[in-house]
Structures are given as C-alpha cells and as structure tokens.
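Notes for the one structure printed next.
Going by the order they are written in, the chains are A, B, C and D; count residues from 1 in each one.
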Amino acid sequence: MHAVVVHAAKDLRVEEREPPPLGPHEVRVRLGAGGICGSDLHYYHEGGIGDFPIREPLVLGHEMAGTVVELGPAVEGLAPGTKVAVNPTWPCPGVRFDLGARAHLDPQIRFAGSSRTFPHVQGFFQELVTVRAEQCRPVPAALPVEEAAMAEPLACCLHAIRRAREVLGRHVLVLGCGPIGCLTIAAARLAGAGRITACDLVPATLAKAKAMGADEVIDLSADRAPLDRLKKGGGTVDVVVEAAGSPKAAVDGLEATRRGGTYVQFGVLPRGMHPIPFDQIVAKELDMIGTFRFWEEFDWAVEAIAARRLDVRPLLTEVLPLSRAKEAFELASDRRRAMKVQLVPG
Amino acid sequence: MHAVVVHAAKDLRVEEREPPPLGPHEVRVRLGAGGICGSDLHYYHEGGIGDFPIREPLVLGHEMAGTVVELGPAVEGLAPGTKVAVNPTWPCPGVRFDLGARAHLDPQIRFAGSSRTFPHVQGFFQELVTVRAEQCRPVPAALPVEEAAMAEPLACCLHAIRRAREVLGRHVLVLGCGPIGCLTIAAARLAGAGRITACDLVPATLAKAKAMGADEVIDLSADRAPLDRLKKGGGTVDVVVEAAGSPKAAVDGLEATRRGGTYVQFGVLPRGMHPIPFDQIVAKELDMIGTFRFWEEFDWAVEAIAARRLDVRPLLTEVLPLSRAKEAFELASDRRRAMKVQLVPG
Amino acid sequence: MHAVVVHAAKDLRVEEREPPPLGPHEVRVRLGAGGICGSDLHYYHEGGIGDFPIREPLVLGHEMAGTVVELGPAVEGLAPGTKVAVNPTWPCPGVRFDLGARAHLDPQIRFAGSSRTFPHVQGFFQELVTVRAEQCRPVPAALPVEEAAMAEPLACCLHAIRRAREVLGRHVLVLGCGPIGCLTIAAARLAGAGRITACDLVPATLAKAKAMGADEVIDLSADRAPLDRLKKGGGTVDVVVEAAGSPKAAVDGLEATRRGGTYVQFGVLPRGMHPIPFDQIVAKELDMIGTFRFWEEFDWAVEAIAARRLDVRPLLTEVLPLSRAKEAFELASDRRRAMKVQLVPG
Amino acid sequence: MHAVVVHAAKDLRVEEREPPPLGPHEVRVRLGAGGICGSDLHYYHEGGIGDFPIREPLVLGHEMAGTVVELGPAVEGLAPGTKVAVNPTWPCPGVRFDLGARAHLDPQIRFAGSSRTFPHVQGFFQELVTVRAEQCRPVPAALPVEEAAMAEPLACCLHAIRRAREVLGRHVLVLGCGPIGCLTIAAARLAGAGRITACDLVPATLAKAKAMGADEVIDLSADRAPLDRLKKGGGTVDVVVEAAGSPKAAVDGLEATRRGGTYVQFGVLPRGMHPIPFDQIVAKELDMIGTFRFWEEFDWAVEAIAARRLDVRPLLTEVLPLSRAKEAFELASDRRRAMKVQLVPG
C-alpha cells in the first residue's frame, strides 16, 4: 500500500509498505481523508519539529478519518464498515479521559506521525492504518470523511479555547487565519464568544475567517490602524489567541490584551528566542497561556462536527491522492493558494 | 401613566402614577415590552419573595426594553428615539464591570422591582421608566422590543452557565423547562455544551426546550426511565442545572451528576428546608453551585440577542397590555398555557 | 502474624494470617503504627460503609507507617530498613500523579481496607503488609512512625482544603474537632488561612483544636451565641468546612458562610437524606463542595510531616497492640476519651 | 514638617511642607517607619517608572506604619494614639474588598507616591501623612512599626502567590532574593508550599532567603549547576516566581518550570523588549502570569504580621531619619549592603 514517508528535510517519498500485524486490540482503518497540518510541514521542510529531528523514516499524518475494515480478535463495539475519526493519541491503560488529567503533557505520551518519542509512532498518511480500537470514534455514515478528518485540528483549537478559561461573552482576537486560526475562530464562536476579530496579512484568508464566524477582520497588509485601535488605553481585548506563529503577532497580541485579560500562545514560533514586552504582562497582570495539543477535546470535536454545530466545510479547499503527496505538501505550504489540503487514497 | 403595583399578596393594581423628576444623569424610557418573571409571580402570589416581604407598594418588573424619550441634562451618548434594553441593576459609582467583581452579591445593591432593599426600587411595569443612563444598552432599531426584553432573564442564565465553569463539550442536563430552563438550554448551547438533555413534567414545555436547543427531552409525566438511566453507575452527567425550583428535581439532579461533576442550583425552592442526599456530594466530590442574578452578563445577553446568536422567539408566547396585568399574571402562573408573558403599553 | 479482621458488624477478630506471596514489584512493610479512622469505625459498628457492606472478611486499616523488610526482585530505589509511610491507594499503571488527574474518583480505584471494590483490598492492621513499592514514601529515620502514620488522614485534609480553592488570608470555620477536624485546622493553617474558628460539642476536643492552630474555639455545649454571631447579616465566614458529619452542623455551616463564600462538606453524614436551606445556596451564590479522599496530596502530607511544617503530635493520644484491637476500636469510638488511636505490633 | 520629594532623576530633596487641610473622612498619621521600595528607587534613579515619568514634584513612599494623631470630624472607629499600617490604595466608594474585584487594575485607581495618575498622589515619606480613615488598619500596640510597615510589600507578595493559584504542597522556585523575593518566599511558605528553592547572584541575600523560609538556596555567583538540574527533562518546578527583574532570570525560570506548571512574572524588567523561549510556553503548556500590586491582600498581610504568622524581622536591616533620605536611597540601591531600608522621623 502507499505510505507518505519523510526521510529528511525535503525528502518526502511515497513508498510501498506492508501493514504491520494486527494486534488483538487493534483495528485496521482504510484512509478516507487525511489532512496536512503545520507540523507535517515542519517535518517536510526541516526534517523535524522543534527539538525533535526525525531519527528514522516517519510516515506523516495525524488528522484522519476512514472506514474500519478489519478487527483484532479482542475488539468489541466496533464493526467493519463503520466510518470513524481516528485519534492520533491514546491514554495509558487505565487513564480515563473524564478524570481531568492533562496526560497529553506526559513526555512519554504517544502521538501518531511524531518524532517526539522513539521509536517514532508512524502516522496516518497510508492507505491502511493500524490503530488501537479505542482511538476510533464512530461518526454518522452520512458525514463526509473530509469533515470527520477535521476533528483532530478542531480538538487542538477547542483545547486552546478551553485554556483561555473565560470566553463566553468576551471579545476575542485571533491573530493568524490559517487553518488553525480559522478553526480557533469557530471554536471561540462555539464557546459563546462575544465579538470575534481576526487579523492576517494574506487577504484571501480573511474571507475564510468570516465564513468561520469572525465578526470583523483586519487586513494587516492594507492597514494596521484597526489593530492599533484595539491597543488603545493599554489594550481592549479580553482574550487574544496568537495562531500565526509570528514574533510580531505575539507583540501585537500582548499589546492588545486588556488589563486582567488572557493571551493564549497557540502558534509555534521559529526556533530560538523572541522578544516580548514584559511590562505588558506585569503592569496589566496578564495570563499568558501556552496550549499544546488536546486530550478529551477530541471527543468534543467529533461530536460537534458530527452534529454540524460548527461547519468546517469552508476550510476544505484541496484534495489530492497520496501519490501526489509532495505536490500536496508544496500546496499546503503556500498560504495564498490553499487552506486545508487533504490526502486521499490513490 | 399606567403602573402595575403590588400592594400585598394577590393585591395587584393598575394605577395612575406620575413619573418622578428626571435627574441629570437619568433618562426616561417608554415601555416597549416588559416580561413577567418568576419572582414577579412570587410578589403577586405571596406578597414578597423569600425573606423579603414588600414593605411599601411596589411597581413590579425588571425585564424590559423600550425607547428613550427624554434625557437628563448631563447624559451623553444616548439620543431620544434609541431602542434600548434596560438593566435593572447598576454598579456603584466607580465599579467597572470588567474588573471581575461580584458586586451583584452586595446586599445593598439596588435592583428594579425588588423588595430586598428599602425603600424598594420601583420596577419597570409602567409606561415611562426613569433610570440611570448607564442602565440603557442600545439595540438595533430593527430588533423587536420583545426580544430585547429577554436580555435580563438571559443574563441570569448566562451567569448560571458561567458559574458551572466548564460547559464546553460537556453533557448538560437541565431540570425544568419554564422560561428560565429554556433560556438556560439556549445559554448552554451558546457556551458550546455537547449533548443537552432537558426534563419537565409538562409536555408542552418540552417542545420549547427542543426549539431552544435541547438534543433530547424527557417527559417525566410519562416515563422516568430515561432520567433513571442518567443516574446509572453513580451518575453520568457532567453539568446539571436545576431550573425547576423543585426539591424532587434537586435530588434527581444530584443523583444524575457524575463523579467530579457540577450541579448548579438555579431554581428557587419553596421556603423552608429540603432534604438532599449528602453522600452524593461527598463520595462523588461534587461542586454544588448556587447562582443568583448576574453582573456583567447583561451586556453579553444584549449582544447575543442583538446578533441573533441565539433566538429567543420560541419563548415569546403572550403579550398583554398593562391594563390587563392581573390577567397576564394569572396566565404566566399557568405553565400549561404560557411560556413568557410580556406586558406592553395600553 | 496478627491481623485485625472485620467479619460483620461488631464482629472484629484478631486472627493469624500468612502474608501473601511477594510479587516482583512489591515490598513487605512491618507495621510501625496504624491509625484507626472514622471509616474503620463504620465497618466495626455497621459492617460496612455507606452503600458498601463487606462481602468477605476484611483486614481493616489504611493509615500506616512502618519499616521495609523485604523487596520483590524487580523493586528499585527502596532498601530494607527504610522507614516509610504507606499510601493506601495507587495509580493505574501510567497515571502520573503530577498530571492533574482526579483518579481517586474512579469507582475502580483500589484502596486498602475498603469494601468499595470486590474482591476487597485487604488493609494495613497486620504485622506485615504487602504493598506495591510505589505505595511507600520514605521518611526520615528519626521521625516517629506514629507521626508518619498521620500522613494519610492529613492527605484527606489537605485535599479538602485544596478543594476550597481560596484559603490564603481567609476566615475559616471548622465544624467538628475530631481527628479530621483538627487536622483540617492544621491544614488550613498550613495553607495560609487568616483567622480560624473551630466548634465542637465536646469541650475536650477544643483544646486539641487550639493546639492544632485554631485562633478561637466555640464550645457549643455551653453557648451557641458565638456561632450565631458568625451568621449575622447572612453569614460572615469565607470558608466553612463541615467535619462533624452532622446534619445540624451542615445547616449551621451553610448559614455562617458569607455571600460568595465556600462551604466544604467533608464529614460523612448518617445514611439517608438530610434537609438543607436551599435559599442559602442560591441567594448567597455559595459553592458547596464535596471532598473525598485524596490523590497527589499524600506526598504533600508526608513532606509536611517529615519537615514538621505542621505538628501532628497533639493528636496522638493512644497506642494499643493489635491483640487489643477491639478495645482500641471501642476507645476510638468515644470522642470524650480519645482523639487518634493507633495500633502497634503485639 | 520634613517630606522626601523627588523632582527629577537623582534630584531627591528633603523639603519642609505643610500638611494639607484635613477632610472630614480623613485622618493624620504620624510616620513611624516607611520602607523604601524598588519603585521608589526607579523614581530616584530614573525620574519616573516605566511609562510614567513624574510630571510634578512627588513625595515618595507607599510602605508605612505610624500613629493616628488627628481625626476628621466624620471619622468613626479610629482613635488618636492608635498604631496603624496605612494602605496606599483605596477602593472607589462602594467597592467592597470582599466581592472579588480586581479594582487594582483600574488605570484610574489611586496609589500613594505614584506618578501613574495625575495630579500625582503624594506619598508617605513625610512626618505627617493625611489619608482616608479607611486606609488605616490598626495593629497591636506592641507590634513594632517597622514590622507593620512591611504590610504593603507583603501584600504584593501574597497577591503574587495567589496569582500562582496552586502553591499548597508544590515545589516553588524564587528567582531573586531582594526584599520582594524574600517576602515572596515567606508568602509561599505561609501558603503551604512544599519545597522552596531560592537563587541569587549576591550571596548575602541567600542567608536572608533561608531565614525567610527557603529550604535550599543556590548561589548563582558560584555555581549554576543546581539551577541547571532543575531544568532537567524539560523542567521540574511546579511554580516559579521571577522576583529579580532580570531578563536572564526570566529565561532560567521558564526553562525550570515543569510541563503544565506556572511561572509568575513579579519583577519589573528594564524598559524595552526582552527575548523569551516561546517553545517553553507552548510545548510545556505553561501559565505565564503577571502580577501587579494587590487588592484585598493588604488586610491579610496586616493580619499575618500582627499575629506573627510570618516573621519579617530578618529583612529589617537599616533605619535612617528622613533628613538622610538621599543616603538611605543610595543604601537601598546597593544589594550588597542592605535589604529593606526604612525611614523614620527626624
């Protein structure tokens, strides 16, 4: 079967692989659609992510939905033919999702398509994916797999919004309107935000931001004045989410946050140190909050998408077969041409 | 002008009153619509509420929207003809709403149409209402006043949902589907709840609950089994809101809350003590949370209604003129005949 | 070896038992001292606790410290001769204590000397206890085992105080000055409480409350007026902890809690329902919080006792050999004669 | 009377001033002792603080205790001769401290000896201070004024610790052992911290850190290895408080904070931007928390000092008369020679 494997920076290959043997508690899921994420692009362009270079060939991909085709002998409660969204992470035996843990912060937690642990956990960009049964969340048969595959990035965004603690009724500013920024807008709307403002330097993204629920958008390539107005009097915004991964956006965001407000750092900045205005944090008594992946929010995301409580379709802009993975990665790297690019079999 | 005045239990009169002189920071608002709330019914039926009997004739009403008709000389930023929702409470001079205070818990806080302070603050069921300019929140001219008048009860419900702390993605059970229960459903939906279940003994209310966003409803007059299933294994619901004001519902709710979950007591129970299963609170380590009125949530409610982020129209079932106030109060007291009853001029 | 086994209500026997085989990850700990807890007394007097009658003979005891005498072959980091406090509960494999979980709420969690799971987990009142190595927390060799054995009840109290969320600087009222009430006073003091007030009906306990850190004590057998003063104006106390397990104390506590304050239900009330004033919860917008056992707080308790950041010695009033267990249980049941009764070998 | 007035950077004068007329709700307090704070030093060395240069001559000082000598005619509940700690800030009329507000974040809040509002609020370094009666908190007559004058900086530290949210039982690292760092250590101890580690570059401060409750100290001028060990595996410390105002300490602190931990920025860094490792915040999902002044914590500080629940005496190293203010300011600027320098009359 086809698998999309990164060997080194810019060395992305479509290879033939055999699926591993099926364990008693595992299932095989045929790929329906698999989304390319910003972290996949880091592997592609840099051969690793942050402090974690790849140490062996790695099948990429951790956003995926498909159809169950084979069950290990001990699997209960799943039938072949079931359409599922697949969670790229899973609890240690015995950790129940509903007990408030933050097990996603465990450095030993396993996550598909990631080089953070070794041996690496192979990812989802392959025609048949072998996963633990508990990673599979059934979705309605009528739900397109492309939508179901958005559960993973949406889970990250729901987690980011949850980390902001108080969003209901608040003015939320989202900096950066790529797929993550746009899903954060949708997640903030879902969570009852009041006014939502969104900024980006690429005008095409702003239409998507509006489609996902932003009340007003600021085209920073044309005019920074509306953003500067949000900084008046020491900042006016209740909750700022930096989803651009840009040092400049981070400074903008800290300056726009009101006294006593919350700034969430969601975007991954270029490696190294970047300057911030510390006085903003101290004199305004900010909460500057990091957010990383998700935990129980995966189930929330599946449920919200399945019930169309939010509509991810405006973000689904491109679909390519696995065999054209390199082209798909290049396309996903160009914010002017594509929003979410997904891979499908073939 | 007409005013609806309670003198004692069951002694509700429509009287002619002169508006008080207009202070420099005050405005006069012509009544557009004023909703009858459960606490108004307590005054009507019992001549007081809880430990606060009326001590002088009291104009009832604290849910109201209308049109500004006259401005005190020091008022800025409001023009005659502006349609406004009117907040029945207001901050002490200098208390800013955005500083996280819970000033609504101050026993000296003033609240329209309430006997909790003395002299009582006269309420909104009169043709011309004289209030501080800062109590007025402009709404779009196109928004029907009946919808705008729902800002106050919605503010209470947003506060209740906020008091629940974690609603995003959670299973919420609302016990009682009167106007407050139904608005709580809408508020939970707005705040990103996962599944919402609603119960009532009056089947007619359940259709409204569904219209306001409940995913499933339980008709307790027909079959308690679905509720009992929610209590399995020590309880399964993440967040329970008791909005019925019923001792039995409170016990049901505590039993249905899962380990580590949250139970919100929103309904006002009959005076006196009522039994609860303490072991549910201890062994399941519950948070049993009281909720009382609102503070900054009034602005959130106005904004949500003005933007139709939630739709209160299914609840607006009856409109009567002030002159038929007594009939309106009787109607509002009958859950089988009416949901939200509002008074209008005439 | 001697073991203290409950067979039914009032049927407590000292039996000879053989230690079970030692698993590879287990250790054997020789009993130093084991404290009798209120829940042990429930088993003794009622043959069970709450909804969990004993279904097989059960060695009681879950508060214990002693000396490691034998190690399973896979145990690392512990040496024979080490003095340890023993945690009666332990995480599922892979659940790390520092990840914020509330795994103690899992109905399947195992806990020594408890009938909540079946087969029951045998307890610590035996000369040699066989436990998992990770249950053992080394303490300084110079620390008396009697003090180390207080880690478990202190962990419960630290958890209760943590559940109260905001204790620093606050006025705390503790209702009930048995061992748990007194340790709660010490835990509140440790956590930076402002004024601490304590009440009991048994005057002898109040001296202990003072020794553990109460600033003022109220002898309810003599004069309820000081408690009534705390209820003035709707209640004045920031944080109330009910540690008496008394329906009357619960009502007192709810009435004494100030608007916006926190009431913690720590005591286990007699089975059945008990009445509360719901209006106190609603109109004062209280947080009524349940607390159950502990999780990571066991380590905090060991550290605090080992460093003598709090001094548990005033509570250590009686020590008896295992062979006199029945007498010890009777003594522990009489609040006028004993505070904490501990069992030692012999 | 003598007053210590800053006119510009390095232009500090001891002048003769007349006390202002006494308002009906005001009292006059004779200076007992007034501590020199880091922000006083900013005014002295830079002629302002942060973005707030002085715009008119400013009497410095906001840490003060003394004796009431004269009462305005409307003052109740205070008598001449009462020893008091004086709060440099005060609520707007009607804002009650116990309602959870964060009114200290209001840009219009008034604060003694500060240029943040204009006209500036004159400070406490004068022989007679005229303040509102509600700013005065009586302390026991036997308490030395020097200790009472520490209530203000302690209030800041209690607020910082409260902002950290979870300190009970936690490992706390305090970076910087000046007066604020040392009081933060004491505040963390008061709040029930587990292990407390403290670092500084000036060895003399570390003895004070130990005296105030640190369990272990790291002399960074001699050996950074112990600090590096705290950074192992991505960081090990639950709660880090940066109290040095140093960009390097901030980076150290972020690196030492464990996954899911809390970093509190308390120190005021040099003006401008300073680089931080964003990946620490994101991948470890940190809470980076600002803290600014205090609100209700002033009362807690007075109570804790009055009851000697913590002992501030090790920090009281130098006392000079007002007439030698300039010498006192130079002394306070030299971390090698002085910890807390206080001014007294004369």
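As a working rule, contacts are C-beta pairs under 8 Å (C-beta built on N, C-alpha and C of every residue); 3 or more make two chains touch, one makes a residue touch a chain.
Quick caveat, the model's predicted, so the values are computed rather than measured.
Enquirer: Using the touch definition from the top, list the chains contacting both chain B and chain D.
Expert: A, C
Enquirer: So using the touch definition from the top, which pair is joined by more C-beta contacts, A-B or A-D?
Expert: A-D
Enquirer: Where the centres are mean C-alpha positions, what is the separation of chain A from chain B, in Å?
Expert: Using C-alpha averages as centres, the distance is 39 Å.
Enquirer: Taking each chain's centre as the mean position of its Cα atoms, how many Å separate chain A from chain D?
Expert: The answer is 42 Å.
Enquirer: For chain A, which residues are shared contacts with two or more other chains?
Expert: In chain A, the residues touching two or more other chains are 99-100, 102, 105-106, 260.
Enquirer: Touching residues of chain A toward chain D in the complex: what are they?
Expert: Counting only chain A, the residues touching chain D are 50-51, 102, 105-107, 163, 233-234, 247, 250-251, 259-260, 265-269, 271, 273-292.
Enquirer: What part of chain D is in contact with chain C in the complex they form?
Expert: 98-100, 158, 161-162, 166, 168-169, 187, 190-192, 194-195, 215, 258, 260, 296-297, 299-300, 303-304, 307, 309
Enquirer: So in the complex, which bits of chain D are touching chain B?
Expert: Residues 91-96, 99-103, 105-106 of chain D touch chain B in their complex.
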